[in-house]
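Have a look at the structure below, then the notes.
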Amino acid sequence: MIATVIPFVIGIFCIAILLNLYRLAIGPDIVDRILALDTLMINSIALIVLADIQMSLGILFEAALLIALMGFVGTVAMTKYLLRGDVIE
Amino acid sequence: MNHLMILPIVIPLVTGAFLLLMYGYNIGRQRSLSVASTVLLVVLAVWAVLQADVADYTLYRLGNWQPPFGIVLVLDRLSAIMLLLTALLSLFCVLYASRGADRAGSHFHALLQFQLMGINGAFLTGDLFNLFVFFEVLLIASYALLLHGGGRARSRAGLHYVIINLVGSALFLLALGILYGLTGTLNMADLARSIANAPAADLPLLKAASLLLMVVFGVKAALLPLLFWLPRAYSAASAPVAALFAIMTKVGFYAMVRVFLVVFGLDQGAPANGTVMAWLWPMALVTLALGGIGVLGAASLRTLTAYMVIVSMGILLAALSLNDQKLLAASLFYLFHTTCMTAVFFLLADLIGRYREHGYDRFSIISPLSHRWVLGSLFLVAAISLASLPPFSGFISKAWILRSSSHLSDYLWLWAAILVSGLFIIAALSRAGSGWFWRPGECTIKPSPPLDSARSSTVAVMIAISFSLSLFAQPIMEYVEAAAELIYQPSGYVNAVLGDYVRHSGEVSE
Amino acid sequence: MNNPDMPLLLELIVTFFLIAGAIVALIGSIGLARLKDFYMRLHGPTKASTLGVGCILVASLLNFSFLKGGVSVQEALITLFLFVTAPVSAHMMAKAALHRRLKCSSRTRTGPPDQ
Amino acid sequence: MELVIAITLGVLTSTGVYLILRARTFSVVLGLTLLSHGVNLFLFTMGRLTTGSPAVIGLAEQYTDPLPQALVLTAIVISFSMTAFVVVLALKAAVELRSDHVDGEDPNEDRQ
Amino acid sequence: MNRREFWLPRPLFSLLLAVLWLLMVNSFSVAQMLLGLALGVFIPFITRAFWPEQARVHFLLPLLRYFLILLIDIVRSNLIVARRIVWYTDQLTPGFVTFPLELDDDFAITILASTISLTPGTVSAHYDSDAGTLLIHALHVTDEDELVREIKERYERPLKEIFQ
Amino acid sequence: MDIGLLVFLPVLGAIASLLTRLKLPGPDHVQIHALVALITPAICLLLLLSFLPRIQSGEAIVYSLSWIPEIGLTLAFRLDGLSWLFATLITGIGCLIIIYARYYFAGKDTAGRFFVLIQLFMTAMLGIVLSENLLFMLVFWELTSLVSFLLIGFTWSSRDARRGARMSLVITGGGGLALLGGILLLGQIVGSYQISDILAATDTITSDSRYPLTLSLILLGAFTKSAQAPFHLWLPHAMSAPTPVSAYLHSATMVKAGLFLMARLHPAMGDTELWFSLITVTGMVTLMVGAFVAMFMHDIKGLLAYSTISHLGLITLLIGMGSEMAMAAALFHLVCHALFKAPLFMMAGIVDQATGSRDMRNINGLWKSMPALMLVTVIPAAAMAGLPLMSGYLSKKMLFSESLLVSAPHWANTLIPVWVTIAGLFSVAYSVRIFHNVFFNGKPVDLPHWPPKKKPAGMLIPMIILALGSLVVGLAPQATYDAFIHLAVMATAITRLPLYDFSALADARVPAMMSVIAMVGGLGFYLARNPLFAIHRQLPEVDAKDIFEQIMLQCIRFSQTLVHRLENGSLQRYLAFILVAAIAPALWMLIGYSGWRGPSALTEADAIGIFGAIILCLSALGVALFHHQRLPALLLLSVTGLFVTLAFARFSAPDLALTQLSVEVMAVVIMMLALSFLPQTSPKESGGGRVVRDLGLAGLAGGGVALFAYAVLTRPADTISGYFLANSVPGGGGTNVVNVILVDFRGFDTLGEITVLGIAAVAVFAFTRDLHLKERVASAGTAKGFAEPHPVILQMISRMVLPIALLVSAYIFLRGHNMPGGGFIAGLVTAVALTLQYMAGGLEWAQERMLTRFRPLIGAGLLIATATGLGSWFVGYPFLTSAFSHMDWPILGEFELATALLFDLGVYTTVVAATLLILANLGKLMTVAGPGKEVG
């Protein structure tokens, strides 16, 4: 049952990611783009976990965890950049 | 297994790392450490030369893994001479830099040690990807050294140098990828074997990889049209760094010899290096020509020397591309000479520059000069050697190159290029010398600063080495001939490295 | 990967979480794409995507906890992490938006203090 | 699949090459990053592509070629170092030359 | 600070880390337990400088209850938001609401802000530490005071009880 | 050996002179200097005389000592008739010059330098004439060029001297290079550079296909040295040297080297059509040009210089004719010329010093004030004119008679006699002029010193000796010839020949008439000089130095423009070059290659794969498209990075996924840091053509990569990796093969890799240390109050994240050997977590709370990794040999200890430190820390 469901789930997430890319492309403001990227990161976590389930390996959590961490740090960096014109000060 | 063999790489690494660990050391301690390490390297290099004379190939299996699986270091005569050359050169550079140039920025000595690690590694490794890694080590170190001392000129030249070399590295990886994808191995010997037995359908792809490698090494070895970063970079670098860089172009040359003559040269019947040699020949000739022209038009001694580097690389690459054992031997001897002398001139330019009231090493500017006699004599002798006039090693090596090329079909081009560029060099140097040391009314600076005996004697000793090269040419020539002979027996290399290992297909466990 | 001896109930739960997660996340992204102004778009991802991915992670947790035996805690960790960080990301982005004086949609009742 | 991968690699390389030929350091940095992406993927691809068979002994019944992965890992690290370096250098150059053009203000200025 | 606070700034947190470790490595051998405990002690020790002030958590249970409520609200709010996003995009009347804080502990405020961001159609956009207010953006607001009251009731009070 | 002594004695002499100069500097020791300088030449002369008997017995003394057999270079000397004659001239006249110089330099402190150089020069010349090995000879050949460079530039303060010196060096040095080529070819043909072998191989040489090239190259060398037209330009400027130098250069040395070489090689290479035409024509031209220009020279030394040129041409012409008699005449005249040219120069020097001028239009009627000088000058002047009873007379006559004997080719046999007669006529004219014009011809015109200074009588001694010499030759030609010259001629002749019969010459009538014509014509010419000068003055004044300088400057300008056109400092162009160089050859070779599609079957594309590929391509294209807006481009770039990560994850490379991911974020953060000091947009500045070109290059590059990827992917894999999979657990003690490769099989790569990272960080530290940035991008139109530096909420969360992240990285680190992870990734996670603290709390804040010295940490990391490698020595294994053991201790349970873990610790440390060092130094650029203050 899971096996049959997963491709659809993955497909849905792909659509979600395309929507994110759409927002990333049109903006209009840079903050929108950052938001889009952040969302995209989160969605790709799902993607990677799903791939893991599909391949039934169970070795991609770390990747997912890192995406979460890195996505957060990246977003913070960019917003700080917008707020202060500098990331580390 | 002789552990001395890893030391030329480990010693500078440890020294550099230690210098970082002791980042608080005063400059004096840094210098003594750095000098100590380079002296050690010289000793090791001498050992290497002797060892390579005893045994054609000395192997060192890192991690005790049997080649081609682990990385293996291979010491043969060629790598031994390169080690020696590097060690000597670096020793002089360190000594010269220790007179104050190393204070111009941070961590000069650490960076220089890392650079040496990279260079030595590149000379010793028998693994193509490992060669890539060491290239990166020596490059990143050279970036830092090039920027040592700061200034706008260095930033600009450095930016170009770095970006161009990054592209070069990308190309290197591409070539590596192709080679691995088609042969499934990285060990040079194993590669040679696989390439020699490659199916006909794959051969063009492999040759394409070799052409990519030509560009990769050509960027380092100053091959036209890949060399335009060089003049500015070399003339922007601080003197000791530029002097050390004299060896960098030779690393590219060495890599070409190793890869094209051994890795791609195993199949003696129809070696895969035919294509690359065919392309290398005209490019090298044009390089040589451009170098000569550049020498004539140079505006400062450092630029002139930079173009001298190009000239020498043109000669070396042209000689290589003619793909002849005797010629290779001759060019190895020439390599030794030209590296020393170009280094000397980078140092000399600085030395003279500091005693000119203004204009540093610019030709166009007339300026009072103190210590005219000492500097003038140094310049004269060095110029004689650089212009490869007798009785210095330049004359011998050039004569040898011409002589050993004269039995080849299209030697006349090489001869014309070498001789004409030689004339240009004479013209340029005579202009420079007479302009600097013979200008009228050059009352020396009052009060004239005392001559820095350490700097000048460093230069003098290097010149003396060039002279002794010609005095004791015979044994050296015999050595390089033996080296060239080994290079032209790739099968010996392969057997020495791989022993009785034979790869049977489908080893990938399914 | 099709594990025969996985109890139907568990399989159902996993499947449910998968689908639910997918839908929620999709809605979040739709919001991101459709809503009028930045401040409104901000709502979509911060909640929906987080929850959606959370569901997927729970599904994976259940799945692997069964397959591997023992608790596969990494997913829990990720989920926790997401729920801790998502608000902060949103907070920071909102600050940036305010800082850059982004326009609110015409239907906004009360704009930010200095607009 | 091979074709898809090949095309992707081609696109990555092309965009990278196009960008390193731009006149501003930042674009060049972007280009170098894209190029290294392309090259790393290329090197990775040279081990042939398999799904669901990571080279972890005992995890799957068949294993992909681990060597290119190791190589790519090294390559990634190196290109990261290089990128970091070149970014800062570009910054330094832009500040000192008062222009972020790859050639600085006046490319042909004679200097000491 | 006394020796305990120096060597073991957060015993609870240390324990949490140790447990987390065991779960991660997914093995409960003694070696791993020791290792987990070691890390649990070591990490807070080296990072204590980053987290100097003691969080004054008094009741652990209320905190857990709070998080349970939060979880439910998140699910609920998502459904609401989802409906709005998908169907009533153009009837939405968003708005900014300034929320006067009664909390003073930064940690508590952080939790509150996060809560607000995770729950129905609200995002905490800016925390003005001088004025002690949170600027909240609501996706769909009809009555600001109602919203403020609800948040105070539902989240701020329990937090006050926990961090006081 | 004693021949070798001949060559190297003067070197010792030079050293001696140098020492004396250092010991006794200043003008007042010229006498001692001269004495010291005189010693070795005198000894050499005596040595030579002692050799005479053996030479006369027809013996060729050869002494050879191996130097560099590899290139056929031996220290070999040869003393036969020819070399004896030249050596004697060199040393003999050398002695006289030194005596002359003793007076000439009286009161000048440059004397010491002169004596050093002149002896070096003597060495060089002796080396040339005494070398048995042609390569060895070349050494001295170039040495003469160098020393003459120094001698001509002796009075370096004068511009003329400098230019003259440069010119002579470039011309003669260039000739030397050509000669090198010729000699090497000759050596190739013969198989040896020993003159004996070469002389024995005439037929091999002349029949070889390379003969023409060889001959031309060698002659190029000879002509440049012997100032044959058109290379004669440098010689007149040798006169800017002090007179003793000019005297020596013109009479006995330098210029004679070329003639010597021709004479020396004549038996081996002569006697061919080519030889004849090349040399005779050159000789004729030079003869005429020299003679003609000489007539119109007003400067005494100038006149003498051009006369030298013409005499050299004459000798060359004779050598070109190549018959035994012609050689005899050539050498005979060579001796004569040496004997009369030297004293004439000495005269010029005396006049110069006495009157302060060398212009014959001003110098007139010196006979009153300098009668002795006049008397001494009579003989050489007459000899140069070729008046009867004078040596010159005979040699001229010999020339005339030889010119009549020229049979083939047809053009020569009438032209040459006429030609030489006219030349003779000119030479008579200028000889008469130099004598009459200086010593008579009315009153002097405003000379600097008048009446002329008294010059010491000693200056006349060498002149007298030489004059007597040429008198003797003139009166007893047969004897002189038999005694000295015949042996030389024998050495240059192809066949043995009888003694030259001067009595026969005396009877020859046609030559006599020719010389009469020459004399009468010459006299007439001289009498009619003023109108001729008038005409000549109309002709434009040309200074060879200027011409030469112009040529040089043209070359330099050309080269500069060319270089600037190529190396124009445009990175874009350089990169384009490189790409073309990378693409073009492969393209050229692979045109029409059909083997792209390999044998193995294609796998069908799955949805996710295609989807990922599309997004990857889109984002990459987006970066290229939006690169003008930098921040958006950066966002798109991180999307690309993310999907590369996903690709790794998808295709069974979890380690790569983890690494790529962490690296990506760090890279983006760093770029963003940099971006905050750079313009936010790139101007659109590439022209359409440029864009098209770049698109073309990009397309080709991409296409190439795609094709190669496709080609490889469609071929079966056959790699060495099976070994790694097989030995990872038993040999490396880890199940994660990739990690085992990284820390064990190829740990050396990893060592290098972290070194690179470390160096990069240190480099960043080094060159940002003194960098301080004033202006940051001004974000316009922003609201106040929302942008506090360190938002509380961010800080609180980051603090919570830090310990968790550290735990995670510890976990990733420890599992690395067996599961995806490892030191590098763990390091990056730690670094990222700490970076978060930087961002949340600020650089200062974070610096206060953590270990702030990163450089030593980098060093430590590298040392740990290296030490791990070295550890294996102590158990006798090579560098980086790993050891591990699975332990199962009673209570603790099962766990593993591996040295690889220690190595990985080194990696971890280096990575954390390096990354933070870079970030911290980028971060400090704007902080109050400011420049100079070291961070990390």
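Think of it as A, B, C, D, E and F in the order they're written, each chain with its own count starting at 1.
By definition in this document, a residue touches a chain if its C-beta (ideal position, glycine included) is under 8 Å from a C-beta of that chain, and two chains touch if they have at least 3 such contacts.
Being a predicted model, the structure only gives us computed values, none of them experimental.
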Neighbouring chains shared between chain A and chain D, ordered by label: F
Starting at chain C, fewest touch steps before arriving at chain F: 1
D-F or A-F - the one linked by more C-beta pairs in contact: D-F
Most widely separated chain from chain A, with each centre as the mean of CA atoms: F
Inter-centroid spacing, chain C versus chain B (mean Cα positions, whole Å): 57
Inter-centroid spacing, chain E versus chain C (mean Cα positions, whole Å): 17
Whole-Å separation of chain centres (CA-atom averages), chain B against chain E: 62
Chain A-chain C separation of Cα centroids, rounded to whole Å: 10
Residue numbers of chain C (touch at least two other chains): 28, 30, 42, 44, 50, 68, 72, 74, 77, 81, 84-86, 88, 91-92, 95, 97-100, 112
Interface hub residues of chain E, defined as touching at least two other chains: 20, 24, 113-114, 124, 126-127
Overlap residues in chain F, where contacts from two or more other chains coincide: 569, 571, 575, 579, 650, 654, 675, 705, 708, 712, 717, 719-721, 724-725, 745-746, 749, 753, 756, 759-760, 763, 767, 779, 785-787, 791, 793-794, 797, 800-801, 804, 808, 819-820, 922
Chains that touch, pairwise: A-C, A-D, A-F, B-D, B-F, C-E, C-F, D-F, E-F
Interface residues, chain E side, partner chain F - complex: 13, 17, 20-21, 24-25, 29-32, 34-35, 39, 43-44, 46-47, 49-51, 106-107, 109-110, 113-114, 124, 126-129
Touching residues on chain E, where the partner in the complex is chain C: 20, 23-24, 26, 74-75, 77-78, 81-82, 85-86, 89-90, 92-98, 113-118, 121, 123-127, 135, 137, 139, 141, 144
Of chain B, residues touching chain D in the complex: 129, 133, 136, 140, 143, 147, 151-153, 155-156, 158-160, 162-163, 166-167, 169-170, 173-174, 176-178, 180-181, 186, 236, 299-300, 360-362, 508-510
Complex contacts: residues of chain C adjacent to chain E: 24, 27-28, 30-31, 34-37, 39-40, 42-44, 46-48, 50-51, 68, 70-74, 76-77, 83-84, 86-88, 90-91, 94-95, 97-98, 104-105, 107-113
In the complex, chain D residues that touch chain A: 51-52, 54, 56, 59-60
